[in-house]
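Just so it is clear, A, B, C, D and E label the chains in written order, and each chain counts residues from 1 on its own.
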Amino acid sequence: METLLDILSWLLLTIGGIFVFIGGLGALRMPDLYTRMHAASVTDSIAPILIFVGIMLQSGLSLASVKLAAILLFLLLTGPTASNALASAALLSGYKADGPAASEEDAGK
Amino acid sequence: MNFLGIYYYWVFAILLMVGFYAVIAKLNLIKKLIGLSLFQAAVFLLYITVGKVEGGTAPIFASAAGERLFSNPLPQVLILTAIVVGISTTALGLGIIVRIKEEYGTIEEQEIQEIDRQ
Amino acid sequence: MYYAVTIALLVTMALALLRALLGPSVYDRVLAVNMIGTKTVLLLSVLSFLFGRPDFLDLALAYALINFIGVLAVLEFFRVRAEQDKSDANTESR
Amino acid sequence: MTALQAHLPALQVVVPMLSAPLAMLLREHRLSWTLATAASLCAFAIAIALTLAVFDTGGMRYLMGSWPAPFGIELGVDAMSALLLLVVTGASSLALIAGASSLDREIEVERQPLFYAAWLLALAGLCGILVTADAFNIFVFMEISALASYVLIAGGPDRRALLAVFKYLVMGTIGATFYLIGVGLIYLMTGTLNLDDIVYRIDEVAELKPILIAAGFISVGLALKAAIFPLHVWLPNAYTFAPHVVTVFLAACSTKVALYVLLRFNFVVFKPYLEGHDLKFAIFALPLALLAILVGSAVAMFESNLKRMLAWSSVAQIGYITLGAGLVSVAGLTAGLLHIFNHALAKAALFLALACLAVSVSKLRIENIGGIAKRMPWTMAAFVLAGLSLIGVPGTAGFISKWYLITATFDSGSLGVLLVAVIVVSSLMAVVYIWRVVECAYFREAEEVQSAREAPLMLLLPTWAAVLLNFYFGLFPGVPLELSSSAANLLLGQVP
Amino acid sequence: MTIVFGVFLLTLMLVTAIAIVRTQNLFVAVMLSGIFSLLLASNFFLLDAADVALTEAAVGAGISTVLYLSALALSAQHEHAPYSSHRLIALAVVSFTTLAVIYATFDQPRVGDPAAPVHQHVAPWYLEMTRDAIDIPNVVTAVLGSFRGYDTLGEVFVVFTAGIGVLFLLDKPGARHSQTQTVGQVRLRHYLIPRLVGRMLIPFILLFGLYVQFHGEYGPGGGFQAGALVAASIILYALLEGETRALRALPRRLLTLLIASGALLYCGVGVAGILLGGNFLDYSVLADDPVKGQQLGIILIEAGVGITVTGVLLSIFHAFAARGRF
């Protein structure tokens, strides 16, 4: 049982790490803001779930697990919210995915 | 390992340089303040680096920590105070900048001095 | 295994930082800041287990909360600026 | 009373500090003024009591929180801090009394409670630096006094005060951060922050390179705060655009307190352990002092804004103090420390006289005060008499310290003649710039001053008190002289 | 291995710092300083400074970003001329300083060397005495609150000074004044989801702030961090619901009272030490048992710190907000 939990948790952590990396790569390589945001969301949602569940399996039933669950809950609440708000802000300001990219001039003034 | 050990000090020196340069050479007042906080951050890093003990852990006794080696608490206390001093200075500086903008309409040092000369 | 996750997180932070430096729009930079924020939360959680001090999860919690406020402040800033632009345009056209 | 006496070093800081939040809470500006003045006078009384204790026992120590010395924070009062405490609390009290009628013109009544709170904090910060014996604690209180002084200066009615204060803020923070780097390096090598303990443990440090660099950083950082010559650029504008009584307060103390820390570090901490420190310090201090004296006086001669003229003269006077310290001898240090006291007296009186002038003259420029002596005879008489003290005419306090300075320089050999020449030349320059004002005020006519009236009594009284003190300490220099000579002996490690 | 992580983070920090100085867009500079602060905090955490990391998080990523953005909204967002004409002199001064620092630290005790003098002299005493005389787990809180409580008193008054300074500067009557009455109501109205989530989060942040306040003796945290968190939650409320409603919940007068009372509480505990026969800030005399007295004293002064910091940060925020429309 112990070993099974260990293997499972390592597996989750590794996959979580891979997802984080893929998300980061996507945020860098994707062509425009919305696709980048899409890639970044991977690191904000699936990766924390995997990583935190992985750690929770390690720590067992303890105060730490409760805290981990709380952090996970907050991340899952705030991450997508922030993405949504950012996307709508970009959209409202007239930033188009395929049109002429909103330049720093427009935004920075 | 020795190189890595001294790397912290080098980063401190370079950060100090970058921040200090921004404070002296930049003309925009907000940029000067940002430079000032970089400059201070470099010093915070120095202190905290000094307080680290290899193989130590944060100086908070806990059952999980057991009888381990603890890092030096004193620099951390000093830097807590210094961070607070830093943010206070920044807040006051920003307050002054806002007033300058209201009185002069600009926050560029050169332009303000030109307005004053008239 | 914590090490593997930590390295992945650090590399991702570097990638996000690169995105913040490249821009090109301010939204990209805000996105990058937000990303680095959540990566810091993850990093701190993983590190506190790596160090064997799970009581430091408080820090990660604080980061998760503060980070959100930062993003909302930025949004508010965008809104204020858009309104300023609008009122400037109005006064100019008048 | 005896029970309370032991707590005097702590109370020196706590009384003004505790009054600050109260002054802010009082909504009525008269009430907060009364509270601030009472607290300041109380601090002055404590300073006198401490001075007496220093005369009795040679010094006082106080353990904050009762923790033993290198671990907790220790306070220590000796002759040098007592001298500076007298200056700081005295100047603050005089300026506050004068402020009752002067400040209403410059600061809206609603904002005054905040202003008085900031004033008390500046006072508490300066006292805190003077009584503490802990390197990091000095930093904390330096920042309190610095932030509070920024607020005070920004209270000036002219918008140029804002840029001046911003520059002061940037320079002051750089100075404080440099100081912090220096303290960090010392801590790295010794593991302690208590000044006495540093002195004790620096002895065991084999590698002196960091200590040397620390000495450099601390000296430069504090020189910035003390406005020693090439680093003085923030001072003239900050003094010029501050509210008048704030200038009185700050000109008399804030730079002097930074100098105090500078001297303390260089003589007590570094001098015994760094090879050739005397020479290095002299090379650092003397040329800068000479330049400061000459440049400061020269600029003052051609400056037509009265406040800025006196501010430049302050740059020159800081030069005198550095000159005395740069000689690295008991006589030189005594002269330098005595000049801190006497210059504070003279400058306080001069700036107070300017505050009186400002009641009737909107712009304090030399061309605007033609013939004002007829309208404001008391004010101008005070100005002239205080000017005599600044120049160093026998019978005034200014003369005593210059005399000691000249005797001290003569002892330093062939270089001495040059130094004496500089002092004499700059005194002549002081005659010139004071005379320009006098000539204009007594022998010229201008239309603008026709409606001028004598300043109110609440302003004249403190001004004349300051002027009379100049003469009192010119004739009976006993107390400051004794304090500064025992402080000099203390700094150079010679038991008097 | 951790040192490699540290080196990596430090390199990222250097890159960020250079980018901050180089960019001419002030908004970008502020965003990058947010990143810088996060990296710095992670580094503090690697260096075992949990309390400092928490403070840096609250200050750097939270409060100072909000303050900078408020100031940007009220002033300009672009630099005009990049450098002053004295940039060569500046470069010379800066290089000289840097060389001096490098010279000083060149053959220093290696980072983390347990035999360095720093770790031999005062620090062990603190670790030992915290167990014996104060008996709380967090040594940093013990040193901050008791052994060097006088420094912390100074720190509180620095914050206090900054607070009255900003109030003094920005509450100038007659200048352009609040337009929040009309605009304040529509804050973030377009963003329905953030508003809902934000509203849900506010009580949790507040609760967490209180937890940090009262848990400071046991884990990382304390008055300053708690004050910053509580202030952050109310700033969040103001962002979501508008200035006016935030001010209705906590009016200016009350904030002023908070600022003063926290500082007075701290000072008062110190004076109580004198009145009860100890020295200033001596908490042992506060209760019959010296250890209990120390704990009581630390709780009280931490409360004082928290109250003042909350009041000051909120006052500063409102002072900026009342100037313009941010």
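In this text, a contact is a pair of C-beta atoms (placed from the backbone, for glycine too) under 8 Å apart; a residue touches a chain by one contact, two chains touch by 3 or more.
All values reported here derive from a predicted model rather than from experimental measurement.
Minimum number of contact steps separating chain B from chain E: 1. Any chain bridging chain D and chain E, meaning touching each of them, is among B; the list is complete. Contact analysis places B-E first among chain pairs (by count of C-beta pairs in contact). The chain with its Cα centre farthest from the Cα centre of chain D is A. Chain geometry summary: the mean Cα position of chain B and that of chain D are 29 Å apart.
If you average the CA atoms of chain C and of chain E, the two centres end up 19 Å from each other. Here the spacing of chain A and chain D, counted between their Cα centres, is 57 Å.
Touching two or more other chains at once are residues 13, 23, 26, 30, 32, 53-56, 58, 61, 65, 67-68, 72, 75, 79, 81 of chain C.
For chain D, the set of residues that touch two or more other chains comprises 136, 140, 143, 147, 150-151, 154, 181, 187-188, 193. Residue positions 16, 20, 50, 57-58, 60, 62, 74-75, 78, 81, 85, 88-89, 92, 96-97, 99, 109 of chain B are each in touch with at least two other chains. Here the touching chains pair up as A-C, A-E, B-C, B-D, B-E, C-E, D-E. For chain B in complex with chain E, the touching residues are 1-2, 4-22, 24-28, 30-31, 34-35, 37-38, 41, 44-45, 48-62, 69-81, 83-92, 94-99, 101-102, 106-111.
Contact residues on chain D toward chain E in their complex (touch as defined above): 7, 10, 14, 17-18, 20-22, 24-25, 62-67, 70-73, 108, 110-111, 114-115, 117-118, 121, 124-125, 128, 136-137, 140-141, 143-144, 147-148, 150-151, 154-155, 181, 185, 187-193, 201, 205, 207, 209-210, 212-214, 216-217.
Interface of chain E with chain C (complex): residues 1-2, 5, 8-9, 12, 15-16, 19, 25, 27-28, 31-32, 34-35, 38-39, 41-42, 45-46, 50, 53-54, 57-58, 61-62, 65-66, 69, 72-73, 77, 183, 187-188, 190-191, 194, 198, 201, 204-205, 208, 211-212, 215, 219-221, 225, 229, 232, 235-236, 239-240, 324-326.
Of all the residues in chain E, the ones that touch chain D in their complex are 100-101, 103-109, 116-123, 125-126, 129, 146-151, 153-155, 157-158, 160-162, 164-165, 167-169, 171-173, 256-257, 259-261, 263-264, 267, 270-271, 273-274, 278-284.
Across the interface of their complex, chain B is touched by residues 51-56 of chain C.
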